[in-house]
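These are the structures, in structure tokens.
Heads up, the next two complexes both have chain A, just with different partners, chain B and then chain C.
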Partner chain A sequence: MQNNIFILVGFIQIILIVFMQWQSYISTTIKTFDLSSWILGIFLLAIGIINREPTLIILAILTILTRAIFIPRYLLKTIKKDIWRVRESKNPLGVSLSIIISICLALFSYGLYSIALSNSGSVLESIPITLMLQGAFLIISKSNAYNQLIGYLVMENSIFLFGYIFSGLPFIVEAGIVLDILGIVLVSSIIMRLRKENIDNEEELYG
Partner chain B sequence: MLSKDFELLVLSFVQLIYVVTLAPLAVGILRKIEERIESKIGPSIFQEYYNLSKLFKKQSTYPITTSTLFEITPYLIFAMYLLLTLVLPIITAFPLTFGPVVDFIGGGLIFAAASTLKKIAALDTRNNYSILGASRASSIGVFTEPILLLIFIMFGVISGTNNPYVINNILQTSNLWYFSLTHIFIAAAFFFLLIIETGSLPIESDSSNELGMIDQSLNLEYSGKELALNDWGSYIKAFLLMNVFINVFTFPFFVPMQMNILNVLIYMFINFFKMLILIFIFALINTTLSKYRLMKIFDFISVGFAFALIAMIFFYTTKM
Partner chain C sequence: MINFEFIYLLPCLISFIASIIGFFAFKRFAKTISIVSSVLCILSVIAGFWEPTVQNNYLYVDNLSKVFSLMISIVYLSVVIFSIEYINHIENKLIKVHQYFSLLNIFVSALFASVVLNNLGLIWVGIEATTFTSALLVSTQNDSIAVEAAYRYIIIVSVGLIISLIATLFIYSSEKTLSIFSLLQLHPTDSIFLLGSLLSIIGYGTKAGIFPMYTWLPDAHGKAPAPVSAIFSAVLLPVSLYPLIRIFEIFPNYYLSLFAFSLGFLSVATAAIIAGSQTIYKRLFA
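Our next item is the complex of A and B:
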């Protein structure tokens, strides 16, 4: 039963990442990330309550507080200041190609699992591997700093899902990861201020 | 007591009449709901019948450059759609007389043949806009075909056959398959395909604005009877695809699986009610979304493809 819910959550995450690849408006991407974090947090909370593990419950609440509530609101607030950053304008790969590649990464990670990791555990491992690769691909396929930050956060979410499969990581490590995220978002928002990105007017008229 | 073959033949005829007569009504209701959502009174729901009867009375004219192909294409296409009407599960979940003629792939091929004929006829007119539409329709068609094939392959995996009736029966009786993510993703992929094939809004707006025309421009040189047949054919096509979406993909319940004329007659009303719900969803989509630019259509198609591929990935990754 728990594995089935895990599969459901994993595939919803994959779909949401495909949706993020599709969108060109940054605020939609941030809201999509918000949704995916809520789903992940509620999943961890439910697993914690079912298995009566207080550490997992605390971790879930921390996840919801930081990733689902604080980070998306903070990003949405900062994006209002830089009005020229609200859209992804230079898509190096093209949207449809990046969607196809993102989905093919799922095939790739399933292949990777069946060639290299099939002795180590359950077939479900390929789902977090997929999410991690898709997050990395989100970083390299987008040129906007916000999208790249969200790609990084998606990778972090996939590590959380990994934690569900390989249970037994010490609580302090996982909680540390959650709090690290806050630091990363703050630091990267400073870097974003320094980074000069602008829209070329001609590119806006493309197509 | 009537023989079973005769009953099947009668039901085939009933199904044909059901689809052919109600297809314009479905479009009329769609237009009416769209106008009501925009707080307008809108045309009567029977408007499409009036249009068709008016067109049938008019004289046909042909461009001087066209060959006979241009003249006979509407009749051929209409005949193909009538054949499809006889072989798809619309009011019954057991095969009618012509049911064994084609499977899903055969049905897909007939749909493709009809649209290819339509494009060739459009090229035959040598009207610039028709040729523009033909090129757009074919470049979109090239990319939607892989989605359709993946959907058929996944249905083959679910049912072990490519027969729409078997798929309907399996989904009706097996909760395991009905609620499996494979099925849900396939249904989502087919919904994307349905929007593209019926020319609904994110893809094509229903206006005479040639910048976004795809399918409408193929009809530009037709007039009179031929135009009426083409229009009627496209209504039937939309009606058939919507029915396949309802009866096979999303809501296969209540479709009679046993031979019983009374049940089939009752189901005809239920089926139209299901259609009304789908039509309402389409009206909502048509009034709330805005049209994509042409290059963005391919993003839309690739999301549909992603759903179909995810169904396949899901099937293999969770196969313990």
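Our next item is the complex of A and C:
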């Protein structure tokens, strides 16, 4: 039963990130990430309650507070101050190609799982691998810093799904990870607000 | 009998407290606080050299950890002394002087913690903490290129460290522990541990500037203020390799060594080719 719910949650996560791929408006991407974090947080909370694991319940609450409430609101607040950033100015790959590549990555992940990890556990492992690769692809395919940060956070969300399969890391480590993510988002937001988007041609950064 | 194990945590605590005091309470004395902190750190590290090695639930301190701690404390003192005058000559700073010294102190605190902890997961947390504490130090000069360099640094290194976090998960799933001491006793042999170790090399290698995800390194070293570049090269990169040294101790495997050697060779080869066309000295040395 729990594994079926996991597959459903994983499938929704993959659909949401494909949706992020074709979005041009950054605020929609942030809200989509918000939705995916809520789903992930509620899933962890439900598993924690069903299995009566207090550490998992605390972790789920931490996840909801940071990823679903604080981080999306903070990013939306900072983006409102730079109105010219609300839309992805250039999408080097184009929408249709991005979606095709996303679907190919899902197939590739399943192939990777079948070759490298099939004797190590369950078929569920291909879901977080898919999310991980799609998060990395979001970083590569978008030029807007906010989209790239969301890509990083999607990769980070996949860790939680990995954690479910591998019965999680010790609580102190998980709590440390949540604090680190907060730090990364806060500092990235400061730097992103100062950053110019069209700096690729600077000679000083060649080589 | 008095328990002296806490002495290994003293440098981490001293620099952390110095950071908090310098940031919130005595902003005008941030430079003095940093000097006092760095001197106390070096004294406590030297005092720890005569103490026996420690392996308990939280700490794993052997001679390697002591050498790393000594290296961090010496570079920390040198960088603080050099920064005192250097920071005054930077115009249009992104961060204020007390913020610069507080970030430097907390960055060093994370480095000290990373080399004495007995948990690969907490070592990951420490190394990731060094990323966001040092990103603003890279962009101190506050021009568009410095900000871009800091952005590239934080995004590339964070993605690399996510790979090492997955590696940590694989290691944990293989042996059900992340304690270095316990892993050394267990002598793991299975393929999941090997996969975790290979991913660790890529992940921590990103932070250490090893091929293929090294591109942040010349940007960040080139645009960071000289003292920050110095602490990056002398301490941050070796500390990023510290968990890999532990993994090689735990799991001495031929394929793992071959993979690490190949990436190291490619790093040297790529650097040698790119250095030929480089005209900016700081980037050349990076």
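Criterion: the second predicted complex is superposed on the first by the 196 of 207 C-alpha atoms of A that agree within 3 Å, B and C clash if a C-alpha of one lies under 4 Å from a C-alpha of the other, contacts with A are read in each partner's own complex, and residues count from 1 in each chain.
In this text, a residue touches a chain if its C-beta (ideal position, glycine included) is under 8 Å from a C-beta of that chain, and two chains touch if they have at least 3 such contacts.
Source: prediction; values computed, not measured.
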item: First, second, both or neither for A:136, with chain B first and chain C second; value: second
item: Partner chain in contact with A:1 - chain B first, chain C second, else both or neither; value: neither
item: First (chain B), second (chain C), both or neither touched by A:11; value: first
item: Chain B versus chain C as contact partner of A:180, first or second or both or neither; value: second
item: Residues of chain A touched, compared between chain B and chain C (which is higher); value: C
item: Partner chain(s) touched by A:95 [first = chain B, second = chain C, both, neither]; value: first
item: Which of chain B and chain C A:152 touches, first, second, both or neither; value: second
item: Contacts of A:192 with chain B and chain C, given as first, second, both or neither; value: second
item: Intersection of chain A interface sets (partners chain B, chain C); value: 207
item: Residue numbers on chain C that touch chain A, as the complex places them; value: 94, 119, 121-122, 124-125, 128-129, 131-133, 135-136, 139, 142, 144-145, 147-151, 154-155, 158-159, 162, 165-166, 168-170, 172-173, 178, 191-192, 195, 218-219, 222-223, 274, 277-278, 280, 283
item: List of chain B residues in touch with chain A within their complex; value: 181, 293-296, 298-299, 301-303, 305-307, 309-310, 313-314, 316-320
item: List of chain A residues in touch with chain C within their complex; value: 116-117, 120-121, 132, 136, 139, 145, 148-149, 152, 155-156, 159, 162-163, 166-167, 169-170, 172-173, 176-177, 179-180, 183-184, 186-188, 190-192, 194-196, 199, 202, 204-205, 207
item: Contact footprint of chain B on chain A as seen in their complex; value: 7-8, 11, 14-15, 18-19, 22, 95-97, 99-100, 102-104, 106-107, 110, 123-124, 126-127, 207
